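Read from first to last, the chains carry the letters A, B, C and D; within each, the first residue is number 1.
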Amino acid sequence: MINNYEEAILLFSCNDRKGLVFKLTDQIFKFGGNITDLNEHVDTAEEKFFIRIAFGYNSNLISQNELIASFKKLADNFNATWQLNFHDEKQKVAIFVSKYEHCLQEILWRNTLNEFNIEIVAIISNHKDLEYLVKQYNYPFYYFEITKESKLAAEKKQLELLSSLEVDTIVLARYMQILSAEFVNRYPNKIINIHHSFLPAFAGGNPYKQAYQRGVKIIGATSHYVTEKLDEGPIIEQDIIRISHSDSLKNLITKGRDLERLVVSRAILLHSQYRILVDGKKTIVFSN
Amino acid sequence: MINNYEEAILLFSCNDRKGLVFKLTDQIFKFGGNITDLNEHVDTAEEKFFIRIAFGYNSNLISQNELIASFKKLADNFNATWQLNFHDEKQKVAIFVSKYEHCLQEILWRNTLNEFNIEIVAIISNHKDLEYLVKQYNYPFYYFEITKESKLAAEKKQLELLSSLEVDTIVLARYMQILSAEFVNRYPNKIINIHHSFLPAFAGGNPYKQAYQRGVKIIGATSHYVTEKLDEGPIIEQDIIRISHSDSLKNLITKGRDLERLVVSRAILLHSQYRILVDGKKTIVFSN
Amino acid sequence: MINNYEEAILLFSCNDRKGLVFKLTDQIFKFGGNITDLNEHVDTAEEKFFIRIAFGYNSNLISQNELIASFKKLADNFNATWQLNFHDEKQKVAIFVSKYEHCLQEILWRNTLNEFNIEIVAIISNHKDLEYLVKQYNYPFYYFEITKESKLAAEKKQLELLSSLEVDTIVLARYMQILSAEFVNRYPNKIINIHHSFLPAFAGGNPYKQAYQRGVKIIGATSHYVTEKLDEGPIIEQDIIRISHSDSLKNLITKGRDLERLVVSRAILLHSQYRILVDGKKTIVFSN
Amino acid sequence: MINNYEEAILLFSCNDRKGLVFKLTDQIFKFGGNITDLNEHVDTAEEKFFIRIAFGYNSNLISQNELIASFKKLADNFNATWQLNFHDEKQKVAIFVSKYEHCLQEILWRNTLNEFNIEIVAIISNHKDLEYLVKQYNYPFYYFEITKESKLAAEKKQLELLSSLEVDTIVLARYMQILSAEFVNRYPNKIINIHHSFLPAFAGGNPYKQAYQRGVKIIGATSHYVTEKLDEGPIIEQDIIRISHSDSLKNLITKGRDLERLVVSRAILLHSQYRILVDGKKTIVFSN
């Protein structure tokens, strides 16, 4: 029987009302589930309810489909946004890169250590510079030449590839192209970007140069979901590092590299563990 | 009816088993309560369950005593350690100080801004140096002369005072006396100390001097519950600040002061909001 | 003779060229001075040279005026921007406040501990709310009513007061009025402001609300010199604190208060120790 | 002539006395040198003087040997500890590893980005686990089997290898063997270790387990020079990360990995740029 122990994670949000935790946990109790982690947030100003429940269950007693059906009923009652994820189904991830290797290198390396519960199914690039690195780690590399003229056609082909690979999540690991609104809207809250500044400061191009010229004493990096509006999507994670007048622009870029690597990795980890709920332009992050 | 809306916080821990969240939230749902914040932790290694539930309820429908009785039943069933706290009952706090003013000053100042949900009923000292400050803020000041010989007698009188004032929580705000085991055991997990180092590094006396001599690059402060063993109680909160070779011992003390003030304040806040459960030598801190 | 040991701090900047350190230290050596701290920075991109030299000297052997004259000669040769400050001459500081007490309270408290080498000669406010606090610490309080109509007249009177008190440095400790260009230009790089955001993010009004609405995961505070352009002056110091989705706007304000207090205090300390040189829109900060 | 521009870094420490900066910079001025960076520290308690001067010079006008001779004279006069390093001479570095790859991987990767001004001449291990990684980056890998019995003989061979490769600096990148006093004393202040705790807390074995059991709220990593006394050498760099009750021991190890990688990298960078002077059991670190 122990072999039939399975794990699932429920994300569930709706307008706040009494009894929500009770009804959800009642459901889990009824089929003999065991809650291992539960995080709840109530936005009292907006009267919204958010919850993440990780639980184990015996798949001999209830199937995945039955589980889904039982939560669907509750979700319909409460007009909830929800998803139920099963631990044995790894998210399929595609990574988009251009020429900078540091984020890609970090992600691939961490994945070899099994830090993320994901399956990387494609590394997609508009340049061939990083093919060597992808090959080193034995992942499939896809090259799409992108010019001003070919961009939309290339995106179309990329979307076909993503679809054929059943990609769940896209990581822009310093991908130096702006995705079209059409592309972005195909993967709502599924495209993770790393921006090399402490957003909303220094949005747009050349953030390190902007930071250098402004003379800030701290630089940052921001990972966020991509929306139609550049650098304005819901923020997942940010971090910073202290700098000084003695740091040249080159130094800022070097120091910032370390931030970018860490911040995008944390965002992927949070996303892969279903710890993020999106609430309009903001995120609820139930970090461990 | 709105006037009868009350708030309560339940802390509850026991051996882990199925259905605990369900049974607790079921209880709250039954008397029409509304959960506003819920944090749960399962120590899977030790198979222990910890939960904090903040909820609102209508005191016209259920009284405090009825609430307590209903949770007591559950707690008895599960052999749980638990407490139910009502938001309108402020914890009564006594602050012990000696000669350093910075922590006391910070706590009193924050309390005037209503940052803590506490009532400070006594400032107790073995020196008269800080009486002026206590008077400035209009709190009662109690002086106990303490010599090697008078120490136990003084502690006895202090305990009588604390008892007569119905003190719930004691804060040692750089109190330069070591409390006897007998004293400590009267207030288990109710005495908050601030130690001016990153424990367990530099326990005991003169931690800044120890840090200076060791040449560390970071100093810290630690707030913990006091147990019989000096500087070994469960840690509530820690923080650090970067230093360098150019910091003199005097500078370390000055910089450390800012840490001590912040760390002890955060510990008091967490304690006053019933966000801490003690698990043997460790704490579960459900920070917001 | 030991009684005649005096301390001075030289700040000196000019276009970079060979031999600058040698010529400045040669000067100090010649009159028997002893360098206790020396910091140098060369902006290699702009070919500019910045130095801070703290030194002791025997005032029996050379007077302050002679010292000034000797450095003036060097400074003229190199077309340098420079100042020579003597440790026994405390900077005279005026603090401007409105209704928030936390920064003022912190500055006055630190000053009682002699953390700054300054003399606070006036607390100036457009409200009477904080008079009680100023009185508690025994500083002179000046009230200037400011309306849309009276603003320029009030500023004129404030400038007269500052002039009569020989004020060197102005600290805007959450002063809720925008100073006119005329006022600002009377005290170039002498007016220290604290802005309650991580500039350049959330410049302007209500930065905590802006941060809350954007859903950032980190908030900050920035101390900078005031220039004609609002929130765009050279940044002296910044710091940050991590927040989460569970922090209400009220919580952000409370947490931010602690940042503001620390950041403005550090800026005052750096300024009072002559550790800051301004280089266009940026600062060189020779922190210890 | 521009081709003959060379760079050098002087580290110099001695008892404090008047005129030291002047005499050193005079020297540099006399042969037409140009100071690009100067950091000075006076330990006023111990009356010791420490300086780092980076300067450019024209090698047509003065040779490396003449430079060395000229500073030697000064150093002899002041009974100074000193070294003069030339930028075109990269330090030769050997890295010792055992089974954990994260620090090695990080160092090799950063070296491919030319972050350090070093030449890695050997990776030495008592296990073959990481040979694959070393090969991937095309560095020479040396395996030494080490048993209780063979340890001293193995060390002897290692020392011969290091000597034949003219190794300047040794990095213990999670090397799980304790070096003998004899070995350590052959490379005083030349062996950089990374310890996976915030020293002096949790010295010795299994620091993450110790941290987990103690229930600290912050974990750290420490890079230090190795001395005869285990984990007591002069600290170069430390950093920390916040943890909580919800972090399992496994999580601590994963989070700590990121710290170790960063801290050892910063230590190597500081060492390779000659930014560290050792003062007894402490370091002076002139970070940029």
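The criterion applied here is as follows: contacts are C-beta pairs under 8 Å (C-beta built on N, C-alpha and C of every residue); 3 or more make two chains touch, one makes a residue touch a chain.
Bear in mind the structure is a predicted one, so any value in this text is a computation, not a measurement.
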So the chain most remote from chain D by C-alpha centre is B
Comparing contact pairs by residue number, the option in B-C, A-B or A-D matching C-D for over half of them is A-B
Comparing A-B with A-C, the busier interface by C-beta pairs is A-C
Dist(centroid_CA(chain A), centroid_CA(chain B)) in Å evaluates to 37
Cα centre of chain A to Cα centre of chain C, whole Å, reads 42
Where chain B touches two or more other chains simultaneously, the residues are 41, 44, 244, 246
Chain B residues touching chain A in their complex are 18-22, 25-26, 28-29, 32-42, 44
Per the touch rule, the chain C residues reaching chain B in their complex are 102, 105, 109, 113, 115, 136, 244, 246-247, 251, 254, 258, 262, 288
In their shared complex, chain A is touched by residues of chain C numbered 41, 44-45, 198-202, 213-218, 220, 234-240, 244-246, 248, 279, 281-285, 287
